[in-house]
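Going by the order they are written in, the chains are A, B, C and D; count residues from 1 in each one.
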Amino acid sequence: MPIFREKAEAIFSRAAFAGDLGIRFRDAGPGWCESVLEIKPKHLQQDGYVHAGVQATIADHTAGGGAGTLAAEGDLVLTVEFKINFLRPALGERLLCRASVLRQGKTLQVAESEVYAERDGIRKMVAKAMVTLALVPAASR
Amino acid sequence: MPIFREKAEAIFSRAAFAGDLGIRFRDAGPGWCESVLEIKPKHLQQDGYVHAGVQATIADHTAGGGAGTLAAEGDLVLTVEFKINFLRPALGERLLCRASVLRQGKTLQVAESEVYAERDGIRKMVAKAMVTLALVPAASR
Amino acid sequence: MPIFREKAEAIFSRAAFAGDLGIRFRDAGPGWCESVLEIKPKHLQQDGYVHAGVQATIADHTAGGGAGTLAAEGDLVLTVEFKINFLRPALGERLLCRASVLRQGKTLQVAESEVYAERDGIRKMVAKAMVTLALVPAASR
Amino acid sequence: MPIFREKAEAIFSRAAFAGDLGIRFRDAGPGWCESVLEIKPKHLQQDGYVHAGVQATIADHTAGGGAGTLAAEGDLVLTVEFKINFLRPALGERLLCRASVLRQGKTLQVAESEVYAERDGIRKMVAKAMVTLALVPAASR
């Protein structure tokens, strides 16, 4: 589904902060998106785990990718709010994230994002987020 | 109150990710902490605003600083979960954050963080977060 | 400010569930609202504290009252989502709630609600919520 | 699995507020719980939909039931915080809720609750919550 992938990918390639962090687009389809991040020392907090802010950023940004697949051409996709629970310390070689849209409205979307840490080939869910996003038509800006 | 400042400052100086982002400790006292970040192009998202992940990171990390002022020597301060509302697009030269502990329990603390963007000397609240943190005694690790 | 009071009060008098629970309108002004509930045995959970659902309901409904003061005539005020932290066990004779609008947008509002329990004349904050509300114009229904 | 059912059921039968609202235990197993509520006029808000507080209460309480299945005999199960998104207006004859524990820790559990409205035999998800719960050992009270 090239058009969904294209829309989600644009949200990754155009966002300086996602790129600076090392969050890379992986795949997308109607209402979902996946991303990956190779864990580097710079991503850690004071106790050697991946910082909550890194996990929150990949969760939020991938939700934006998922919502973006359902947005009209030129719409802004903006995060209204999100909530994230950290389920276990995040350790390993990489983070993977999958976001799925739970509810598509005219102006609001609700998505959930699951963040996994992969360590020695074993994948564990380390965080889960619920994200509310607004679609702002290009025309109204 | 040098001991409170010292405890909060340690949470900033030892966290690679906060340093990499450019979040700097500003001040702290019993149950509160303040921080600052100079906005750079790398902090932006696809539409030129400060990325939600940057705002979430400063909100979370500064809450950790505030909670840390009340922690015992050697305790780990870990974020259990947080929730953040983005109130308006974040634009300007710098972000400022002030976190205050609402409730100090034996093992859990609840803090709230207000994030401000400063532009041409005018400061506006751009995000507000509520953060639940766990204090993990050094001995139990 | 009779018009603000009137708008908020209507949200209380017309909501069957708020009435059934015993939540009563107390006061309101531009962007804020206060309410009160006399604690009865029916409001408790399995351990004798006020049920989290009662606290959540007064927090949500009073936020709706606060948002309603800023809504246009005939607008629906709907809760999009909320988040609530329970700060200490809720015990006493009554709950009081004060909600304040943090951000008024064209279609979305963000409010925060503080819930207090009053016991022997002493008032303690027992819960705090952040609430996102949508204003739906009567015409668009 | 009678012991899991028994533990969850106790959380329903002993909670005055859940009973007063009409929330009934339905089924439970290790880490999950289901409940049901027949929608009555008293459950509605000012526009004829099921009040957000009713949906929040069933989501929270059923999460408590799910967490309770994994608690030790005599442990208190207390809600630390929750977040709920309302996905569409809740209309119909009954609400159904299913809660699942995402993460079981020694002192904290994280559960998610899905709330469905059933109307003319068709079931739609109307709300989704994430709930953080604390297990407080009977001995420590």
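Methods note: contacts are C-beta pairs under 8 Å (C-beta built on N, C-alpha and C of every residue); 3 or more make two chains touch, one makes a residue touch a chain.
What you see is a predicted model; the values in this text were computed from it and never measured.
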For the chain pairs A-D and A-C, which is connected through the larger number of C-beta pairs in contact? A-D
Considering only mean CA positions as chain centres, point out the chain farthest from chain C. A
Chain A and chain C: spacing of chain centres that average the CA atoms, whole Å: 32
Provide the C-alpha centroid distance between chain A and chain D, rounded to the nearest whole angstrom. 28
Multi-chain contact residues (two or more partners), chain D: 80-81, 83, 85, 110, 130, 132
Residues of chain D touching chain C in their complex? 10-11, 14-18, 20-21, 41-47, 51-54, 56-58, 60-61, 76, 78-86, 89
Complex contact set, residues of chain D against chain B: 80-81, 83, 107-108, 110, 130, 132, 134
In their shared complex, chain A is touched by residues of chain D numbered 83, 85, 87-88, 102-103, 110, 112, 125, 128, 130, 132
